[in-house]
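Note that chain A is present in both complexes that follow, paired respectively with chain B and with chain C.
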Partner chain A sequence: MRLLTHNVLRNNTAAAARSTAPLRITATEVRVDDPPSAPSDDATRREVAFAKHALPILDWDALVQGAKAMGLDSLPPHVTPELAEGEGFLRALYHVLMNVHLVNGMLTCPETGREFPVTDGICNMMLEEGECE
Partner chain B sequence: MSRPELTGHASLFYNAREARKYDSSSRMVGIQREITERAIELLNLPTPGPREGGTPSFVLDVGCGSGLSGQVLEEHGHVWVGCDVSRDMLNMANERIEEKREAALHGGDSSDEDDSSNDDDDESMNDGQKRATEPSPGDLLHHDMGTGLPFRPATFDACISISALQWLCYSNSKDQIPKRRLMRFFSSLYKVLRRGARAVLQFYPETSEHAILISECAARVGFAGGIVVDYPNSTKAKKHYLVLSFERAHKAPRGLTGAEGALLDEERTGVRVGDKDPKRAGKRGAKAPRKKKGSKTKEWILHKKETQRKRGKETRKDTKYTGRKRPMRF
Partner chain C sequence: MNGEYSLLIEFVHRHLDFHDAELLSILELHGINNGVDCHFRPLPVGVSAQTSELRRPFKILSFASSAIGGQFSVSDGNDGEKAINLVSALARCTLIRSVVELWGAGTDMEACVKAIQNGNSLQRHQVGKHLGSNAKKYEDRTWKISVHTLGTTYTREEQSDMRYKFSFLAFPGKVQMKEPDDEYLFIREVELDSQGGAVYPRHSGVNREIIPENDARPPLACYFGRVLGSMGRNWRSQRIEQYSLKKRSYLGPTSMDSELSLIMTNLALIKPGTVCFDPFVGTGSILLTAALRGAYTFGTDIDLRVLRGRSKTENIYSNFRQYNLSPPELVRCDNAIYRRHFREHLPLFDSIVTDPPYGIRAGARKSGARKDGEVRPILDEHRYDHVAQTKPYAVSDVMADLLNVAAMTLKMGGRLVYVIPSMRDFNEDEDLPRHECLLLVSVCYQPLQTELGRRTVTMEKIGEYDEKKRSFYLQNTWVNGIESAEKVANIRQKLLEAAKKRPGYEEKAAIRKQKRKATKDAKKKAKREAQASEQDGIGS
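Up next is the complex of A and B:
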């Protein structure tokens, strides 16, 4: 499960009462994919375009916290408009969003304590009927 | 042949053995790919697409199964998140993603393009293997769509679902109520899509009641749109696509009939749709007035009712509403 997915995930049980608080990551096994050594120009262009496109929907604080929990401290605490235009920043952002994977671990809801295990890169978000809204 | 949905829970049907069978049948794979291509077409995503200089979209794939549809999304250049209720199917999808990652890291094996060549983007779209030099931009979640989509509001640019939605119409335990699950799914889908986004959900309705239940739930949460039926006259080829959007003036595109020539590389049988309806031409009596063949005018309706009365059948009175033009629902 990559940081992009973690960033948009939330606990939608009735108990969480529509909270959009990010899930806390407890990482047991993390994998960081190295970016390809000689990416094609088009691949780079697409990465930058996607990072720019995704930026408005991200919960930046959640991203910083999540990255920290996975061992990455390189993200700035705030994003300024100038920073958001820089190609270097956008490429680094794409790398953080797409190449950092939680292979095994746990996601915990900060409001209710409900746990969502992650095994083999797949997060288990299965709910019982009784838990749903 | 009984429907898979009647045998029990989706995760029980799509167990490890079925998952492997599903994935290894080239006919199955071919059909699912075609359906996905058609769904992507119906999504009406911004042009140019990511492989033609545009921006990748963030797409949700509901009931992604073994990742066949995700693969097609990748070929188009989009980033996707898939969810499925069957862990076995997801494991297969994971295997595929792993293989792509290995291939990307090590420059691919003999069946893939050489990593050092810069532009692999004008390669043919047909063979997914040639794209293996890039790692997969797909992610997987083990999740039951009937419990509602667990994402923040206004996250996704689009949503597709291939051959999965009909599973919501069957309850597999005492506490599963189809209508409630459908409402949860659609109301959560409405929230997690960005404004202007579309959802295209291909499904296999067992009965027209199921199809109506599904569209009603979608309409009730606020979606505009409708069902597009491709090849309505062929039992085998017939496909239903629920196309949903936020545009009030949305007009669902016309389904394929086979007359426009193969959209994708296969021969299709279909019935010509046009002004001359061969079935009707012979039967219609000479008297009945019709403005143009294939449409019912008010005159024709009044004439028909008169005929019914003469035959002694119970017929409603003719009022100012008889044969009035009705407003379009979608």
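Up next is the complex of A and C:
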């Protein structure tokens, strides 16, 4: 599970009273894919474009928290407009969003304590019968 | 027509209903504006043909001559400009067999020859501007003429006679049979039936005797041109080979046949850097094709077993690794309650491409107790591995939820492409599910069995999603209400009923039951033996 996915996940069951709080990550096993040492111009351009398009929809605080839980401390607490234009920043953002994988761990709802396991990269969001409403 | 540069496109004789839809999607994908940059021209029609219901495997696509070598290119060499290469664009069409630079077309051989003589294709070729700066000079270009007679065979001599008709072109270069610089193609088109065979076959049955009336029939059309897409006969199979289903280590009973998933990813306008979502990802065959086209992929499914695959080396991830692709995002969740798991309706996806479960090979499930009211609380120690109860998910609801999720999560202009099974009583105009935010782009029918076919539906998001109208959207999915929904739902039952009526059903069913029991017993036996030998090992 990547940080981009974590960013858009929520526990929206009735019990959580539609809270919009992101899930807390407890990481047991993390895998970081190394970016290619000499990416083509095309690939770089695509990464930058992707990061640029992703930026507006991101819950930045959730991303910073999530990245910390996965062992990454490098993200700034806020994104200024100048920062958002920089190619270096965008490439680093792409790396954090797409190359860092939670292989095994747990996502916990801060409101209810409900846990969603992540096993072998697959996040299990299945709700129990009673939670479906 | 002079002033125009025309391409003759030949399609394969499969997925007939998909030809136009796929081609139009490919043009759009490459920024080729149909009606502005190019136009479809009518095919020549022989006088004797009854062409009203005739489906022909050709299309003529014309561009302004001046645009070739400028806005568009047809040469193999990359001259470094931003020209759109028409050959590589069209190569992406799964259903295109070949692309020919059309020099002349007519209702018969003479008309075709005349068209060449009246046109300027030869002169253009002699100048060779559109061939690119790396091209060999006209005088040095090796060549050959191939003959392609649809649904009919001719002897070597007869083919030779046909070639001779074009000797007036007087190419100066040497003839070369293997990989010449220019392969010219003479095509003789006749009426074809739905299987791709000639309606009026030239030869009869076993003896291969010539049927005089059929032999005397004039052709439907004759075409002559220069083959683009330089690998000739193997051009198509080489393009498709890289996507072959057979190479994958993890396949399941519901894995999409790779040709259809290639077509679907074209209909969905998938290109590098876009994000593709499959809400019923199964074994990931569609996502794999999307990833091969350069998309970032995201898949969800309610079935944990199919997501995990058979083992660590036989699962969706291993398929992606096999092709050296970045892994997809996989989440186990229920599409029926998409909103429970994800933030407010974010437009996240450029495309949604999926083969929803329609209860024929794999039953659709959604979360919730099988019998409403029977909910037992799960003890914490069981929770981790608990397989939540799922209840059957009516196909009509599957479709309604799918369209609503698409309307919610697609970017504006993004495409939803899905497959829907239909029996013969299906009416495309009335029975397809609808959504206010989605525009119907195309429907392509593929027959599967006598009673059953499936339709590949393409929709485009044209309206912003309004969460307040959610119930309205869901209620209005089926225009004819219950009737249309019913046609899609319960297909498995209907198929079963139809099968039961066929003779021999009882015997076949009994045989299948026996086989199942035998396999089950064999498995049990093997398990017992394995356990017994384990215990022996521990004991000694």
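One rule holds for everything that comes next: the second predicted complex is superposed on the first by the 131 of 133 C-alpha atoms of A that agree within 3 Å, B and C clash if a C-alpha of one lies under 4 Å from a C-alpha of the other, contacts with A are read in each partner's own complex, and residues count from 1 in each chain.
By our rule, contacts are C-beta pairs under 8 Å (C-beta built on N, C-alpha and C of every residue); 3 or more make two chains touch, one makes a residue touch a chain.
Since the model is a prediction, treat every value here as computed from it, not as a measurement.
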Which of chain B and chain C A:T20 touches, first, second, both or neither: both
Chain B versus chain C as contact partner of A:D41, first or second or both or neither: first
Partner chain in contact with A:V8 - chain B first, chain C second, else both or neither: both
Where chain A meets both chain C and chain B, residue numbers: 1-2, 4-5, 8-12, 20, 33, 42, 46, 49-50, 57, 59, 98, 120-127, 129-130, 132
Contact set on chain C toward chain A in their complex: 272-273, 296, 298, 302, 304, 307-308, 312, 317, 326-327, 329-334, 337, 339-343, 346, 348, 367-369, 375, 377-378, 383-384, 386, 388-389
Complex contact set, residues of chain A against chain B: 1-2, 4-5, 8-12, 20, 33-34, 36, 38, 40-43, 45-46, 49-50, 52-54, 57, 59, 98-99, 120-127, 129-133
Residue numbers on chain B that touch chain A, as the complex places them: 50-51, 53-58, 77, 79, 81, 83, 85, 87, 90-91, 94, 101, 104-105, 115-116, 118-121, 133-135, 137, 139-144, 147-155, 173, 175-176, 184, 188, 194
Residues of chain A defined as touching chain C within the complex: 1-2, 4-5, 8-13, 20, 33, 42, 46, 49-50, 57, 59, 98, 101, 115, 117, 120-130, 132
